[in-house]
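Take a look at the structure set out below.
In this document, chain identifiers A, B, C, D, E and F correspond to the written order of the chains, with residue numbering beginning at 1 in each.
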Amino acid sequence: MVSLLTFGETMLRLSPPEGERIETARELDFRSAGAESNVAVTASRLETDACWMSKLPDSPLGRRAVRDVAANSVETEISWSSDGRMGTYYIEQGRKPRGTSVIYDRDDAAIRTASIDEFPVDELFASAKAFYTSGITPALSPTLRETTNELLRRATRNGLTTYFDVNYRAKLWTPEEARNCLTDIFANVDVLIVAERDAEQILNQHGSAKSIAETLRTEHQCEVVIVTRGSDGAVAATETGVLEQRAFVADTLDPIGTGDAFVGAFIASQLAGDSVTDSLETGAATAAVKRTLEGDLALVTPEEIDRVKKEQTDEIDR
Amino acid sequence: MVSLLTFGETMLRLSPPEGERIETARELDFRSAGAESNVAVTASRLETDACWMSKLPDSPLGRRAVRDVAANSVETEISWSSDGRMGTYYIEQGRKPRGTSVIYDRDDAAIRTASIDEFPVDELFASAKAFYTSGITPALSPTLRETTNELLRRATRNGLTTYFDVNYRAKLWTPEEARNCLTDIFANVDVLIVAERDAEQILNQHGSAKSIAETLRTEHQCEVVIVTRGSDGAVAATETGVLEQRAFVADTLDPIGTGDAFVGAFIASQLAGDSVTDSLETGAATAAVKRTLEGDLALVTPEEIDRVKKEQTDEIDR
Amino acid sequence: MVSLLTFGETMLRLSPPEGERIETARELDFRSAGAESNVAVTASRLETDACWMSKLPDSPLGRRAVRDVAANSVETEISWSSDGRMGTYYIEQGRKPRGTSVIYDRDDAAIRTASIDEFPVDELFASAKAFYTSGITPALSPTLRETTNELLRRATRNGLTTYFDVNYRAKLWTPEEARNCLTDIFANVDVLIVAERDAEQILNQHGSAKSIAETLRTEHQCEVVIVTRGSDGAVAATETGVLEQRAFVADTLDPIGTGDAFVGAFIASQLAGDSVTDSLETGAATAAVKRTLEGDLALVTPEEIDRVKKEQTDEIDR
Amino acid sequence: MVSLLTFGETMLRLSPPEGERIETARELDFRSAGAESNVAVTASRLETDACWMSKLPDSPLGRRAVRDVAANSVETEISWSSDGRMGTYYIEQGRKPRGTSVIYDRDDAAIRTASIDEFPVDELFASAKAFYTSGITPALSPTLRETTNELLRRATRNGLTTYFDVNYRAKLWTPEEARNCLTDIFANVDVLIVAERDAEQILNQHGSAKSIAETLRTEHQCEVVIVTRGSDGAVAATETGVLEQRAFVADTLDPIGTGDAFVGAFIASQLAGDSVTDSLETGAATAAVKRTLEGDLALVTPEEIDRVKKEQTDEIDR
Amino acid sequence: MVSLLTFGETMLRLSPPEGERIETARELDFRSAGAESNVAVTASRLETDACWMSKLPDSPLGRRAVRDVAANSVETEISWSSDGRMGTYYIEQGRKPRGTSVIYDRDDAAIRTASIDEFPVDELFASAKAFYTSGITPALSPTLRETTNELLRRATRNGLTTYFDVNYRAKLWTPEEARNCLTDIFANVDVLIVAERDAEQILNQHGSAKSIAETLRTEHQCEVVIVTRGSDGAVAATETGVLEQRAFVADTLDPIGTGDAFVGAFIASQLAGDSVTDSLETGAATAAVKRTLEGDLALVTPEEIDRVKKEQTDEIDR
Amino acid sequence: MVSLLTFGETMLRLSPPEGERIETARELDFRSAGAESNVAVTASRLETDACWMSKLPDSPLGRRAVRDVAANSVETEISWSSDGRMGTYYIEQGRKPRGTSVIYDRDDAAIRTASIDEFPVDELFASAKAFYTSGITPALSPTLRETTNELLRRATRNGLTTYFDVNYRAKLWTPEEARNCLTDIFANVDVLIVAERDAEQILNQHGSAKSIAETLRTEHQCEVVIVTRGSDGAVAATETGVLEQRAFVADTLDPIGTGDAFVGAFIASQLAGDSVTDSLETGAATAAVKRTLEGDLALVTPEEIDRVKKEQTDEIDR
């Protein structure tokens, strides 16, 4: 009985120890990660029955990705492929002023040829309440563009709430290509999440985060549009007005996956029947805890998130 | 020729690497630690002949604890037991807002049945100048409550200075149980150390740290009462008035054991004939260095503590 | 849709690096393991839909066990408990003549109080084809003795094939206690697995492995009785006679879990419709590959097991 | 002043710790390796001025490969490319019966487009005495087939001794494709090295290793043809007859790169003016030491190889 | 074709993991480092053809140092010695207030007996444009004092620009000894680098950094004198006046080698024809990135340094 | 109350991981070791009150050695020195045919100047029953030659049993120097231990191990002379004849320290009142277990040694 269904690529993630570089490291930390599996994992940690759908090479590399997701009690629905690679990325996290650098090696990933009929979509949509994918998926190939559109269309038709995070990746497509594609996609999106910078640079939005959220909401007839602003928090345009959520203070060990933690927790909270206000706070608290964890995954507990929300509030009350 | 004798439980300590959780770690850092052995180790590092007395299961787990203490040239006086477990705790240290969480697995520790006649107390008290235990010990079992009281009584009778740190652990007993027990115990305590929060919540003290220290000193007829206040330093009520000690600025890697470092260094300094003022400063400097070390133990050197005290003072002078 | 259901304790497993001891290790390898989850994992790796049922403390320690099992796509059905510990064991593997030593710290495990009505047994038995538990389970507490008996009774009543591995643990009960209890249990066991040494010392069987297998089969009216003999392979008494299976040549890195690998693979093969002869060979090949893997789990692939079986056969043909 | 020039691909090499699998490893050992850079490194360790020529992506991944080679005082002559990937392989080494498995992820490597005019060949051939490449290079792309042929032709024309190791890789081309290509290549090869199995399966040779070596030598008009036979040693057909070389007894930690160690040491010995007999022995001794080292590289010293040769001889004498 | 030549000692560097001490560490990080090889490596990373000249024991320890330098594509010109040790130092980096402590074990290093005729100086000076050594070299032995003077003299005579970093080490000589020796040396130094503290304590300079730089420049007739001031940046007295360079904001992981990174980058920039102003900025940016890397070496890329310089500037513009 | 007193050098021991070399290792295993502290540790593990006496530099390096010894509950009596180094050795253990290589860096160790009056010898000899040192000690310096002789003389005069292991080190002195020195020393040795090879090459003994033992015993008027023969066991010439002891079968992980384990266990057994026959067996069993442990120390337990002796015997009985 799946409640949340997500669809997208998951890659292998290799990273050197702190203070080392890819050029010098003798050992690499080895994980797998992808926006859509990250979101499913976060939601599962917060007690949502989640399922991640993908296409993977039928090899130990592909099975590794499934293993990392299944460990978090997320169901997996995989189209196993004899063609295509496992996308891979190398990430080197440096302190200031070195910063974080990512090297993508994701060409020819098996998922690029995934079409909707490779998945038991009817069965999954029968029970699911929500569907999520991100702007990375349609950016990967023309086939995936179609598959993404079709999945959103059918999800909508089946009465699911559709969540979509723009997640623009400059190495995959140009702003113009993205804009053209996304406009179609937004037609079937109920809840749109977009980073302020992407809204400006890709969606050509201007003005305050609030006005961007409202404009996008109106323009694309979404239920909710969330504009995320990193350490400046997030704003959400809803039917009843614009809401604001501060970012929780966090001491960052690993920033990767913070956005997915926010979205996964927001969806879990929404599926649990919380208000948008509460869901935004849960999202922000989860994102903050994620920052203290190595790897893309927000391996949190509901109790922990409650405590963080409470302590944060306490701090304000004093 | 033992100068300081301590008595109490030492547990195994297991902790995941930074950024990992107990749920995900593939390797755990493995140490042993306990307030009373920590204090003995700190004192020994500062050139005090120290001996730690305890009861342990006769197994590699029990011997491990002895090994970690003996490595620091602390003598050990162990009652080896074929019954009872080795108490264990898991510690997960997270950055803000995750914080530190501890999972205790300490039921049925071998020490719970330790009675005073299992140890060569007469011989040890003949040479020792000081005795130390903490509020954890009587909290572990009724037998230990008796043993603690008896040890303090005999130490006093033998002319030793008795040091006692309240160290309240909510998972071991209620505030009320603690209060009842501790009142008896304080009758044989010369130097009482208590965290400000414990003084308030367990001992029902109110007002400034200074007034709490003075009240407790009068009430329990102690020589010295030290109220510790974390990054706000400590105050000590003495015969000649109340002294204040600032905390030294420290960049914390591992906060566990900081209090024991303070107490161990304070005792070592007292045994070396320093004034209470000097001993408080030595305690504070040692606690600060401890914060930079992984594990509970303050593996410092006297020269290092002198340097820290000097540099700190210099900074103030300018 | 579960095909194989298993029930039993899973413990935390801590082990020092090669060449180190528990007394000296600074880091411990951290895993979780238990006969019944090991069997479920092995079966799942060989394409059986498996579910592991247990009772665990509601803590990161309990969740860790679930995580390790779920990573292998085994479903988990957990009764979460606020009482009871997480059983733990320390394992030190030494070369000759030091050998392997295990320290159990498993008293008061949460599972000891598990009764059948804490689990959705009816639902699970409706789909499952096979049930497995081992002699460790009834040895843990009187409650578990009842629960084990009741589970086997109901499994039988629901038409499942029941598998039972004697797995005698001297630290849990005496041979006599075991014998008394197991005789009752065997009444509802279809496939009995027993180590030759346990058959002799606990079940008072004598003679050749073959005759032991046949005697036990007749005495307890089992379908199949498998007597395992370590590097001497196994014999199976069946309706149509006694079968023999050699052990595959293996260079052992970690022997723990070899028996569970054999049983899990045997069950998976049986559920796939293979003959007992084939299932024994699959079991033996899987056990051999397990010996090359660190930890209790036989993280094999079907292709790999096929290759091992084929190569082994080739070796014989020459 | 380069004495030996080699040309070929070097890949990233990722491998899990012993007892772990790619599916489970949390850390991967990270190195780079390729037949032609391995040979250059071995030769350099044995005091040959060596240079490795290749084409690499202009990224930290490409620079990593250069770094690993340069550390061994091998000169590098790189055509830096903005297109193409860094070939990668995952290697899982298991004890018996699991064995070693390799997953190649080498499509679209930058080197596939390397043409001869990307390198300062004239300058390099002016000083070099020997050129080496292997059958992997022409198998990677049609362009590389041409480049390989052209390099061998020009090397021959410049009076260099050309060394070629067949190194058949079934995942790159069929036996027939290989055969067709290699026949052309052999026309410009002075010293041909081929594994007995490749000689049989790819070059359609039959009979004893000796007769294979002689037949190939005659057929392709080589100076020397070496047929390698793993633990059975090697035979070399020369102008003055066939020589035999036993393999040195070795306890294998990592077998990968053993063949390259043999070839690199053979070439270094030849360049130092040793006889073929001596060079074969040096090759075999170096290959044996390589087996005790993690990674593809034979990081030996001349003294060590002399000692191994001497001790081995001593053992025989007794 | 060497552009920059450096001469000096390189030592083995051993350091415990963070939070551990030399007294407790079970594993030590193992590298090699020395001011002059550090400078050569930094320059090489920034596309300068660099060569490091030294004298080392002919052992794996000596070869280790060569390997670490050669990995960075620095040429090495070594006088191999059968006498003398490999200098070694232990470094323990602690957070505040513990700080960093270094234990030198460098007596009797092989380099102490190095005379100029052990190196092919004529050949190297024929192509090189710049020569660098530091005040550590003459401090090591009377022989090295002579060798240093002679190298600087000949470099000057051959038209090279000579760079010299005072690098005072109190454990090697007294301020007076240093002063006497350095005055001679400065006669052949074109670009002098000196820490403000050393200028004050060793060279008896007083006043502002600017005036110190100018005074030293006049006194010793240098082209440029750079006074470095840690987090306060640097000032450079040049023919056309005094320049100031701020330190870039950096989050320090390992401060060791920061000065060498500054100097190496400054020299590389000068050799590339940049202005002193630009070279100072490149030096400061490289020093800042070095602070984020473990070990003495500034393993940077030119692109990275450009980005840091640019971002830094942007931050100021806002 | 010390029962066994030992005197000698302890060095730092650095070793790369398996498969790595000193030239390539990024991390070194870090321990301390020396024949005389190894013997004290082994004896302590087998319940002998042991004390190790030495002279060390007053630094973290010196304290490290004390710590490693004290962890095994051995008392330490150290003359702390401000002069002299901490001897160090690097050990690279390779499989066949690479073998084990050791690089000593032990010149100018602090112990070289140790004279007898730096230690409270009278007090220690008052309680001790046995004294042990090895041939390494007098080889280190003329001063130590005197000190060794004087210690043995006084030990004898005080009625202690003196144990001496020849332990010839070719890098410290010539066979002739050793022979001259040792002849004097033997005059005060009760129990002499010598490897067969040293007896032949240094002491000019010939014939069977038995006859060598007997000859040495007669010549030097020892109580017992033990000739050790590696995997061929040992023979002991005693008052009542010559005894033979087989080596126990062992799978060697680390051979270093095996001889010290044998001697330490032999002495412990003798001090416990066992017969020479029993002590030899205890020595051999302890040496065998040592081979399975990383590092020089035989961290065994009495129970374990009893089990090994029993199992070994059982194997023979069958």
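Everything that follows uses one rule, which is that a residue touches a chain if its C-beta (ideal position, glycine included) is under 8 Å from a C-beta of that chain, and two chains touch if they have at least 3 such contacts.
The structure displayed is predicted, hence computed values, not measured ones.
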Going by the stated contact rule, which chains contact chain A and chain E alike? B, D
Between D-E and B-E, which chain pair is linked by more C-beta pairs in contact? B-E
Most widely separated chain from chain E, with each centre as the mean of CA atoms: C
Sharing more than half its contact pairs with A-E, counted by residue number, which one of A-D, D-F or B-C qualifies? D-F
Average the CA atoms of each chain to get its centre, and name the chain whose centre is farthest from that of chain A. F
Copy-to-copy rotation for chain B and chain F - C-alpha atoms, rounded to a multiple of 5°: 180
Length of the line joining the C-alpha centres of chain C and chain F, rounded to whole Å: 47
Averaging over Cα atoms per chain, report the distance between chain A and chain F in Å. 63
Approximate Å spacing (C-alpha centroids) for the pair chain A, chain C: 39
Residues of chain A that touch at least two other chains are 21, 23-24, 26, 67
Touching pairs - complete list by chain label: A-B, A-C, A-D, A-E, B-C, B-E, B-F, C-D, C-F, D-E, D-F, E-F
Sites on chain B touched by chain E in the complex: 248-254, 285, 288-289, 291-295, 299, 304, 308, 311-312
Which positions of chain D touch chain A when the two form their complex? 14, 21-31, 59-61, 63-64, 67, 85-86, 88, 90, 92, 103, 105, 107-108
Can you list the chain F residues touching chain B in their complex? 66-68, 70-73, 76
Considering the complex alone, what residue numbers of chain E touch chain B? 18-21, 23-24, 94-98
